[in-house]
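The structures considered in this document are given below.
Each of the two complexes below includes chain A, the first together with chain B, the second together with chain C.
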Partner chain A sequence: MKIKKLCLPILLLFIPTGCLHSTVIDDIRLVQAIGYDYVGDDLVLSTVAVPNYTMGGGESGGGPSSSATTDSFSVISHTGKAIPTKMQTKAQQPLKLGKVNTILFDEDLAKHGIDDFVDYLNRDPVIGRKLYLAVVDGSTQELLSGQYEESQAVSIYLNDLIKQNIKYNLPRMNLHEFLYSYFGQGKDPILPILKKSGDHIEITGIALFRNGKYVGKIPIPNKTFIFKLMSQPFEGGAYEFYLKNNPSAYISVLNTGSKVTYSVKNGNSASPDILIHVKMKAIITEAPLRSNPKEYINKISKAMEKDIEKQGEQLVEKFQKMSVDPLGLGAKTRSQTRGWDFEKWKDHYPNADVKLKVDIQVKQTGITE
Partner chain B sequence: MKTNISEKSQVSPVMTLFLIHAMQVGVGILGFERYISAIAGHDAWMAVITTGISTHIVLWIMYRLLEKSSGGDLIALQQELFGKYIGWGLNFLVLIYFLSFVLTILRTYIEVIQVWIFPEFSVWALGFIILLLAHSFVIGGFRTVTGICFLSFIYGAPLFIVKYFPLQYANFSNLMPIMEQSPLAILKATKVMTLSFLGFGLFMLYYPFIKRPKQSKKWAHFGLLTTTYTYLVTALVSYVYFSQGQLKHTIWSTLSLWKIVSFPVFERFEYVGITIWLFVVLPNICLGIWAVTRGAKLLFSVRQKIIIPTVLIILFISNGLFQNRIQVDTLNSLISTVGFYFLYVYIPFIFIYQCVLLKVRKPS
Partner chain C sequence: MFWRNRQKKIPTKQERAATIKDLFHDLEVSNDFTTFEHKKETMSCWISFFKTLVDVEYVHRDVLPFIYEGKIQNLKDIKANLPVEDIILTRDAHTVQEKVMQGYIVVQMKKYDSECLVFSAIAIQGRQIDKPEIETSIIGPKEAFVESIDANLNLVRKRVPIPKFHVKEIQIGKISKTRVNMLYIEGIANKENVNTVLQRLNEIEYDHMIDAAVLSQMMGDNQHSPFPQFIDTERPDRVAGTLYEGKIVILVDGSPHALTCPTTIVEFFSAFDDYFLVWHFASAFRLLRLFAVAFSVLSSPMYVAVLTYHYQLIPKDLLQTLISSRSMIPFPPFLEALILELLIELLREAGARLPTKIGQTIGIVGGIVIGTASVQAGLTSNVLLIMVAAAALASFTTPNYLMGTTIRLIRFPFLIAAQLWGIIGIALCFGFFVAHLLKLTSLGRPYIEPIYPLRMTDLKDAFIRLPYGKQSTRPMFLRPQDPGRFNYDRAREKNDIDE
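Let's look at the complex of A and B:
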């Protein structure tokens, strides 16, 4: 009796199974990187990089090893947002976007504004939030179809490159962070700048955006290190500077933990006072030997504090002149000011009096003294 | 009209916690943040607390109402207070409301599946599968439905831990300065927020199924507290993770939040999350259907065996009729408005009415 009762529901369950398209992993191609190049009025050259996994011989004795080469397709179309239909005509199997991990824009396109693309990326549920956006100095098509010394697929190479740099040198920037600043008030988005040089790809700086338009850059490495110090707490990253007189030498230190706090006064006035306070612990990795290490270390840290303060303030001044706010000074001011007005802040920002104070505590000098 | 429920089909007082909590956490929690922050900005999380407090008051009223009535549930109570005919009409309206409430949950969850996972899946097919599943629980009776409420609590709990991932991107300064908004704005946000807490209205129908109702009080309030806590953490995490402008563009903030979660085994957590979410939504649907059939049984004096298929077919057809997002949104806001007046205006009203009535009748 019980079995009879169960039969009907179970049979009924089979009816809807025919309703869906299934996507079997072997029958689709997963796009991992997309590049957009500016061609002309409303025309965009889109390139996708699709890793092509082939089974290796398993020579290491374990399981079969796999290596990947990259296939890339490019088409010119009016909207490059999703994969244009034209591109599907070039692919052997349907292209799917679920695993995209890097999206590139060339400098021209970035200068013209990437708002449409941002809207698309925010809207499509298929797009993740941990993927990286980047600006490319040069053509993204060339970068994605290039051959590199690394044996991996270019998309994985790109993703790893950005990921490890974000850990040590660059501030955190993935799609979520971009959307956060793009839609939020009082902070402007930033992206890394990539460049193809020979059979390598390198990061050459940080691109500054204002309302989805690329307006300027911070060059690597010292400036980006200072920028990262000011924007978030982190560990790692080396700073190199030139110590003048007695004796003149290049000193390099490793950051083993930094903290940053902001304090804002008169947030609503025409020239708000903002104090950025950075506390950094450091290890000296490269310095000439001295007979009196304690005094010498003191001297180094004092000189370095001065140096970072000066350069950091110059950096902020540059931002103010361009009226971009990649540090999020507006958002910081909002959180410390009652009745903050975004429209007024836009006028006040270039006149804000921003001071940077750095405290460096040298922890070690390595295994020598 | 005394309803005597045999002890065999009653549940222990502890289960009240899960019954109340499971019914309150449904589809609303996936995206309530932007509605309250549209009114009260970054202070909107305070509205969650004030709403939580208000639910405790309503629950207290419900207990008072039910303890003083001889029948033990809302159906009997309304007939007792308003006479046979008006009472019958009001009961019928209440059942229609609960039915639409179930429909809203079902249809909204189907919309989530359509937008996030299977855009080509038809509403009819999905509705069919979910209702078939719900049917298998509802025919088991109240104890089975309580079981699924309890399980939903267990299944849903791991989703809470996942909030750890977005916290790595937290900007705690988003919450500052505290109390920048006027208390009025927070009160307005409270009204909007109550919509996510509505589910516990069903409590008035399954009250007679709880053993030792006096002891259940404590657990019922714990249930509400758990819900408030859940919503509060959800809201706070969303406010530190998203910027206010970004939140404005996000329909389902909890689901968008899952996009940042990553495990080595699966890259995109939202697909796993939405699937697990079925077990969070299922008790809403089951308990709702059960309550409607229970009410209808008392109202029409028909056996539940006949009513369950009828209710399911009504749900199945009306579910299929909603075809796009705008209709679903309209349904949502309509049901929430009705629900708000039911819990916060009608329930206090009959409470006062009952007090007066009892006072008048006493001397005679």
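Let's look at the complex of A and C:
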């Protein structure tokens, strides 16, 4: 009797199986990178890079192959946000977006605004939050369909390139961070800028956005290092500078751990006082030899502190003139000010008095010490 | 609805002989039944026995000379003279039948006389006590149970030399009258448990009882459950250990396995070896076994689910390995996995059925020929081959054979669920099993006890085994009459030597 009662629910369980679409991994093509180029008003050239894993494999039925080729498809359409239907017609197997790890915009499109794309990326559940967005100096189609020295697929190359740089040179910039600063009050999004040069791709700087529009850039490398120092604690990254009296002797310093704290006073006044305090531990990796090292190290660190403070304040002044806030000073002020008003802050921000204070502690100068 | 009740009530026949005469008519049909008249001047008597059940040498050396001696006139004289301790003078045909079938000798004054003298001359034939073959251990005792219940009881009694160790004998099997012994330590074992076992044993109505495994299926709480509810063991040391914990042990005559109850699911994954190792290693191996169970059940279903539905979950560095290994394969992942799983099960079954000498060939054929050939032919991917082989290996780490079988077979429902609904299906299937396990009991005690209901004190000997210094109480779920092994506070008191 019990079994008879159980039978019906078990039979019913098999009914909804028809509703599920299977995506067997070798019957689909995984789009791993998408590029969007500006063509004209409402017209977008979308390019997808699809790694072709199926070509490799030896006679033993498919051992992992050492190299993967990339197929790329391009299509001009009005709505480029998802995969256009036109693109599906070019592909042998259905294109799926679940493994996208990089999305590129060319500079023209970024200048016209990427709000529509941001809205789409925010809503689509198959798009992961850890993927990287980037602005390309040049055409994204060219970049995605190019041949590179690295033997991997271009999407993996791109992804590794950005990930590696974020660890050492650039602030954190993935889709999650982008959306957080795009929708959050008192913070503006930033993206890395990529450029194809020969058979390599390189990062040339950080793109500054205001309301989804590309408005300016921070060049690499020293400026981005200072920017990263001011925006988050990190470890790694090198800084190069020279002493005033000797411009030919460059000094190179390696960061082995930095911390940053913000303190805000008079957050609601017309010119808020913001103090950015950076504490950094460093290793001097390269410097001209001197007879009295202790005094010399002191001199270097003092000079470096001054240099970073000066450049950092210049950088913030530049942001204030452009009225972009990539450091999130507004958000920092809000956290330390009662009754903070975003509308008023917009007017106050360019007049804010931002000071940068840097303390450098030289930990060592190498194994010969 | 679909089924008719086919189990009709068949009236059971009365199989006992009514009179001594009927009994002897029945017995004389068998050729190994010996009956002869011993004639002397003063008296004559009939001696009958089964020569296959009786120790013939003993009969000739120690029994017949006493009967042949001059002074004996009747059965009472024999009873008085024979140097045998268990002599019964009876007119009851049932008793005579029972005893004759066990290897007793019957002496009558006349043929088919209703007054019989029966006494024991049982020949003990069977294996010598040997090393354990299933639950082998590197350290620890190396004795295993044999088929004779008396030898088994001897092995246990040696380890529990106290008068409170009680043995209750019950006969099960309407025809076979198999001796079944229930062992427990009075004062430790819970009375309720003892009564439950006794009641269940008494209520079993079946014609025979061949082995302990059969008994465990008959008296289990849920006969339809794939999970065994009694631990069967061939180690007398393990039996003694569980007796001291407050458990009840059942021995069946003719079975080299003892049943211990009540049990919880985690005990099936603890080998008795664990108690001989230092607690760190014992705990590590237990966790390893539990991991092996999870891996063995879930690995190939996860492979099917992820490759069929959830391509997003694959790390980008693994994509190339998986896709290129699958690119030449004509089957969907489910069929691929099913074929390999069936192949492994076939190998295991073939290995179990064949004699050991041919069994080695099976290993070579299965492992090398079929494994590599199926990958080279492009029928299965090498990634899956590795996973399935590892899963099969992992399933063999379960120390209990019955539980190991369960673990190997429950991956098939998981596999089907993974194909139908992906990871949600696996979760669903897992939910079904959890619900079943929650409801399952062993002797009325919860089956997944240290987990639910959560008993913190019992966790000391579940997933990990804490040192003996911490094992001050017996398992709580057994509700032992005497819960303490030693006084924990007194054991921790520091004795100053100088005082």
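Quick note on the criterion: the second predicted complex is superposed on the first by the 344 of 369 C-alpha atoms of A that agree within 3 Å, B and C clash if a C-alpha of one lies under 4 Å from a C-alpha of the other, contacts with A are read in each partner's own complex, and residues count from 1 in each chain.
Rule of thumb we're sticking to: a residue touches a chain if its C-beta (ideal position, glycine included) is under 8 Å from a C-beta of that chain, and two chains touch if they have at least 3 such contacts.
None of these values were measured; they are calculated from a predicted model.
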item: Which of chain B and chain C A:23 touches, first, second, both or neither; value: second
item: Which of chain B and chain C A:98 touches, first, second, both or neither; value: both
item: Chain B versus chain C as contact partner of A:180, first or second or both or neither; value: first
item: First (chain B), second (chain C), both or neither touched by A:339; value: first
item: Partner chain(s) touched by A:78 [first = chain B, second = chain C, both, neither]; value: neither
item: Which of chain B and chain C A:122 touches, first, second, both or neither; value: first
item: Contacts of A:331 with chain B and chain C, given as first, second, both or neither; value: first
item: Footprint overlap on chain A, comparing chain B with chain C; value: 13, 16, 20, 98-99, 128
item: Chain C-touching residues of chain A, taken from the complex the two chains share; value: 4, 13-14, 16-17, 20, 22-26, 28, 30, 32, 51, 53-54, 56-57, 59-65, 68, 96, 98-99, 101, 126, 128, 156, 159
item: Touching residues on chain C, where the partner in the complex is chain A; value: 1-3, 307-309, 311-312, 314, 316, 319-329, 332-333, 375-378, 381-382, 420-422
item: Chain B partner contacts - residues on chain A that touch it in the complex; value: 9, 12-13, 15-16, 19-21, 98-99, 122, 125, 128-130, 172, 176-177, 179-185, 187, 331-332, 335-339
item: Chain A partner contacts - residues on chain B that touch it in the complex; value: 115-116, 118, 120-122, 125-126, 128-129, 132, 135-136, 169, 171, 173-177, 180, 242-246, 248-249, 256, 259-260, 262, 267-268, 270
